[in-house]
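By letter and in written order, the chains are A, B, C, D, E and F; residue numbering begins at 1 in each of them.
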Amino acid sequence: MSAVKKNYIVETIRKAQLSELLAKGKRLDGRSLEQYRELKIETQLIEKANASARVTLGNTQVIAGVKIATGTPFPDTPDKGLLIVTAEVLPLSSPYAEAGPPDEDAIELARVVDRGIRESEMVDLTELCIVAGKVVVTIFVDVSILNVDGNLFDATSFAVVSALKTAKMPKYVPDGDKAKATGETIPVPVKRVPVSVTMARIGNVLIVDPSIEEEAVMDARITLTTDDDGNICAGQKGNPSTFTPAQVMAAAELSTRKGKEIRKQIVGAAK
Amino acid sequence: MSAVKKNYIVETIRKAQLSELLAKGKRLDGRSLEQYRELKIETQLIEKANASARVTLGNTQVIAGVKIATGTPFPDTPDKGLLIVTAEVLPLSSPYAEAGPPDEDAIELARVVDRGIRESEMVDLTELCIVAGKVVVTIFVDVSILNVDGNLFDATSFAVVSALKTAKMPKYVPDGDKAKATGETIPVPVKRVPVSVTMARIGNVLIVDPSIEEEAVMDARITLTTDDDGNICAGQKGNPSTFTPAQVMAAAELSTRKGKEIRKQIVGAAK
Amino acid sequence: MSAVKKNYIVETIRKAQLSELLAKGKRLDGRSLEQYRELKIETQLIEKANASARVTLGNTQVIAGVKIATGTPFPDTPDKGLLIVTAEVLPLSSPYAEAGPPDEDAIELARVVDRGIRESEMVDLTELCIVAGKVVVTIFVDVSILNVDGNLFDATSFAVVSALKTAKMPKYVPDGDKAKATGETIPVPVKRVPVSVTMARIGNVLIVDPSIEEEAVMDARITLTTDDDGNICAGQKGNPSTFTPAQVMAAAELSTRKGKEIRKQIVGAAK
Amino acid sequence: MEAKRKLIDDKGKRLDGRTWDQLRPVKIEVGVLKNADGSAFIEWGKNKIMAAVYGPKEVHPKHEVMPDRAVVRCRYHMAPFSVDERKNPAPSRREIEISKVIREALEPALVVEDYPRTAIEIFVEVLQSDGGSRVAGITAAALALADAGINMRDLVCGVSSGIVDGQVVLDLNDSEDKEGSGDMPVAIMPNLGLVTLLQIDGIYTPDHFKKAFELAIEGGKRIYEMQRQVLLQKYFGSSPAESTAEEQE
Amino acid sequence: MEAKRKLIDDKGKRLDGRTWDQLRPVKIEVGVLKNADGSAFIEWGKNKIMAAVYGPKEVHPKHEVMPDRAVVRCRYHMAPFSVDERKNPAPSRREIEISKVIREALEPALVVEDYPRTAIEIFVEVLQSDGGSRVAGITAAALALADAGINMRDLVCGVSSGIVDGQVVLDLNDSEDKEGSGDMPVAIMPNLGLVTLLQIDGIYTPDHFKKAFELAIEGGKRIYEMQRQVLLQKYFGSSPAESTAEEQE
Amino acid sequence: MEAKRKLIDDKGKRLDGRTWDQLRPVKIEVGVLKNADGSAFIEWGKNKIMAAVYGPKEVHPKHEVMPDRAVVRCRYHMAPFSVDERKNPAPSRREIEISKVIREALEPALVVEDYPRTAIEIFVEVLQSDGGSRVAGITAAALALADAGINMRDLVCGVSSGIVDGQVVLDLNDSEDKEGSGDMPVAIMPNLGLVTLLQIDGIYTPDHFKKAFELAIEGGKRIYEMQRQVLLQKYFGSSPAESTAEEQE
């Protein structure tokens, strides 16, 4: 994020040190190349939200809150509810973060996480239709980044998915052209559990879950989201650098593999 | 306001000079500690507004205009009209004021004045309901600060209260779910006359109606608003400094006493 | 526009050189005082728009696009459609243009062009009324400035007028309080062809269609728009300088004369 | 749709009783704000406008400094309560354009070369708006500049002319501006005989154009006479500082 | 329109079972964020608030540097999911005002002269909001400042009092704040006996005012005792870093 | 709700008559804007996109200067009339994200070390939008960079592939993008064989993913051939400057 300020000399030294280690299959913090940092998922912290989840990934800490209301559908999808994901890198999360409207990094973060969820068809938006073209259920998932320590993409995605998986919403029925709440509460119609896996290329080596030190020296980044069936449903290459086609295919395979492991943890936490 | 730029050396000398005077119960401009500057209130200057008032307090000059229309009530107060107070410290009012959206000082000013009026229940908002939950009377009171010379809080409050006290509005009756103007004009339902009294602590001395020179060196500020019955209905401590509990209690007593005097002047001007 | 950055020394030399030439009735690029640069008008480039026109005036290049929809009329003109002109000086158009909301130059540009069209009654806005007070046709004409080389006022105006002259819109009929499209397409009701003529005063000489070099040294600018009958229907003096009354009258005569020539070209291009 | 009402009656009287070439009442006070370096308050018809000037003063931001002259800035702004429907306090596109044309109307009169590396800031605050607020604002701002002691080549004064019920008239009020068929605000430097602001709206035959333009210039000179009186009374007069000029026709 | 519900029952119990002078449960952790120089997380009733401090650090923009002291900045912000209706993430006028009063409540405790030419930045992020979020935020932020090692004259702690069903009560929750007739947040430097924040809403007779003000000060001292325990446990205690203080009454 | 229409017919023809691996018509002109240091105009299907480059130029604001390389900036923007419903001219979140990925797709090709302490600015203005506007923009912008004489390691070219009616297809148009089940824009440096942009939307089995990715790379190489022809004709050809390449399949 904007929360990473570059210092070229330190970076060059760091990168040499890191590359040496990586050549031996090791990382600064002792992890293997394909190992995530410790992942902790806590749900139902915010009673006033329809759902919430705090994700701690190493020292990266984010919290997602879900708010559900009724709204008007988009004209080109009159029979679908709305799902809106936002992310704010709070100024308390890093010495380099600044208050103000989201910058391009925060916008990319929210949009990539949103696409992973939307394209996987995690939430059946047609079940959120109350009166086609008139009123639908609107789900806001807002994420506050509390501490930046690398890999905000995955931490944010895990928080959003975990929150949605536990979210309850009022049951609405049509009342003419409007919505009426029945008083009942039902789960949000979750069909799948997409998992975001972010990888960094440093030299010729691909690692998962880059820490902030690794992000500072990485060449390129790739985030791939996979669904329960091992399909790829969203992806984004980042950073002003490149991948070989073979690296992309390796990343695809790696994301599917790691995705399976993490999905179990998310599903476990959402119980 | 932002309109006060600090110069430390000048300030220190000024403060010493002022403190010496204050110890003798005197002020730079010859006033006693509990004395306001000359207060002038003119109403009905702006024919296109539903009411208006220009307040001159020493060299501080502000003008308030009232505009009344119909609007939609807030969901949590479906049977109450809306009263919205804004303040703009115009760039022509001071060499330090700048054009642009209101800064934290202007926002605090408008909100403190607004609370004084709202909490005193000066205007009976339930009488502004036309059709509950659908349409209510909306009263905008916008204040333009024309010349900054200290104690904007009181000058602004006096202008808003004086304008509201003289405001006339169209009479509306329900017409289905909408409002229909009958053509008649009625007064805004004013029940009380809240009076804001702003005091400054300089050293151990409490003074009322600080001038801009006094504001530049004051330690802490407190604004207390009292109603016709001598109750305190709003208050705000300002500045990065402190009061002893005894000073707060003294300020409460002083605000009630000065409030009575000024109320007479406001009521007189509104005739 | 903001796209002109001044360099005083270069300007002074340039101005001396230019004034010498102008005294002989000549211009830097070989034109006569009352001669426009080559004008090229292309229409129907943007299939997704209701109309479009690209105008090339020397090296100045602008493109206008028309979008038509239904909207709500203004309360004080319930029986008139809306016509909204905007202009954006794209950052790719000049080394001095900057991305961001329109500055005072871009706002003046759009408003002067808009007035030329509105005041000439080019489009009969009453024919755009569908249900008085409820729903009317709204015409947006957005202009993107692609290359700045002087006289944006005329290039923009020619593009807007040419686009409107070729614009087709859906036919709407009332459907209760709403609009229903019949499926037919009809021309926008164009009644006149206003032509903007911009002149610059450099010393005592009046020239038409100033290039960017001429704008950099000109004293004052005047834009006059005339209609098919030779009436003046809009005007704007620009730049912090002056005209004598006689110069204004000469400009009025010149604008009518040049307006006739250019009107033929616009009408020709719109066929 | 509905028939337009007549704005000039059979006897040539306008809605407010004026003849075609008569100005509305004008009242001007100079030096009305304490903090500003110069200020003036004008009431012109229903217009109530405060103008103030700060400067010459330091330029912020620094990169806008001009080495050989003063930077001139201008803000024309309408109070939320100045018009019939409450106005959003944020500057509209109209206010931004008018700020620019007012600046360009006043700057020719300022000897900006006398104040290199400084800024001169002009504020025009419309407390109540009627027809012709921009020319009223220019008229007041020119006095505020003089009151601030800025070196000037001439005063600047202005008035609108226009077309109402097919006739050329002077100094349109709000209804005439909105319901008439042409509005032409003009500002001049009266002693130098130069036009510093000209805007034209509406449809003018060449003949109407000439007549309206000349009428506005002539009217501007009458406004100048009032400006002159106000300054004389303020700086040399026996009457108090808040001396006023009321038009007598 | 509709009859107001009773907020205090016949036995003097409030909706959440508390007596008139009882605090809601409070739980505090210090040092919870890795990047911040100091941080604290407070749960107070349903309030869940994260406070963090960065500084002393370089001042940006440079022209805001103060030669003889630190600049203190504060941002109070509510997460979109922190309230019943989703909140727009852009700062509201209310958040801007509260940011200011929190800064002015904390700054008196900071020895800003010890840090010339630097900035101290205080962030209060409300993850869930209940009555009294500003005093809870001040209480947490004071601990974050201490955790950051900033020199302080005293801690700052706060609590609201108010009027509910005609009675003076301590520490209003959300319903009491909204449905009650008075809310008075107060912050103090407990050892110095000085008031650093005071806001008053509602209608207070002189007698009620005195009683409510004194109750808030007395309640503030109880909050201070919890702050002290948390710091003791964090820096000298045997219990782990995330030691907490739970109120026992 | 409603049944989806078929996007590929029984004979394997797409709505616009293309086969699964066929590109839409592409037409490119280089050097079309006078002020820009480099420019290119591309028509690709219904896309009409202007790209322009300014630089190397001075960096503003100064604190963004990089001592050992050029700063690269990029703005992707859509004209209000470029889409079916008029678009607000302010940059949307989508445009901000695409500006970033385009910059990151082009920067690897630039020898930024050759231009320390400067800025290179890339503008992509979509005058009419169709499927694949970001890859069309990258293709045009790479030519504008070459036209500006910026040192480059390779050109950059791009094309989308995707899934339509369960089949992998090349170069989705607007309907295929919106109604299909997957869209994968890819940009490459064709001579170096490196991927500089990759975005994936939709659901891809591992097999579909491989096939679509390889198809996009192969398609990119065909786009590169057109870029090469345009540059050859522009700089060495006998045909006029506005030489064009029209795809022949």
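Note that in this section a contact is a pair of C-beta atoms (placed from the backbone, for glycine too) under 8 Å apart; a residue touches a chain by one contact, two chains touch by 3 or more.
Just so you know, these numbers come straight off a predicted model, no measurement behind them.
Hopping across touching chains, the smallest step count from subunit A to subunit B is 2.
Chains that count as touching both subunit E and subunit F, per the definition above, are A. Matched by residue number, over half of the contacts between the chains of B-D recur in the interface of C-F, chosen from B-E, C-D or C-F. Chain geometry summary: the mean Cα position of subunit A and that of subunit F are 27 Å apart. Between subunit A and subunit E the centroid-to-centroid distance comes to 32 Å (mean Cα coordinates, whole Å). Centre to centre, using the average C-alpha position, subunit A and subunit C are separated by 48 Å. Put simply, the C-alpha centre of subunit A and that of subunit D have 58 angstrom between them. Looking at subunit D, one finds that none of its residues touch two or more other chains.
In subunit C, no residue reaches two or more other chains under the touch definition. Taken as a graph of touching chains, this assembly forms a single closed ring in which every chain touches exactly two others.
Starting at subunit A and stepping first to subunit F, the touching chains follow one another round the ring as A, F, C, D, B, E.
The part of subunit A that touches subunit F in the complex is made up of residues 8, 78-79, 104-105, 107-108, 110-111, 115, 119-121, 126, 132, 222, 224, 227, 229-245, 248-249, 252-253, 256. By the touch rule above, subunit E contacts subunit A in their complex via residues 33-36, 39, 46, 48, 50-52, 54, 57, 75, 77, 79-86, 89-90, 121, 123, 125, 127-129. Listed in rising order, the residues of subunit D touching subunit C in the complex are 1, 67-68, 72, 93-94, 96-97, 99-101, 103-104, 107-108, 184, 189, 192-206, 209-210, 213-214, 217.
For subunit A in complex with subunit E, the residues that touch the partner chain are 45-49, 52, 59, 61, 63, 65-67, 69, 86, 88, 90-95, 99, 101, 140, 142, 144, 146-149.
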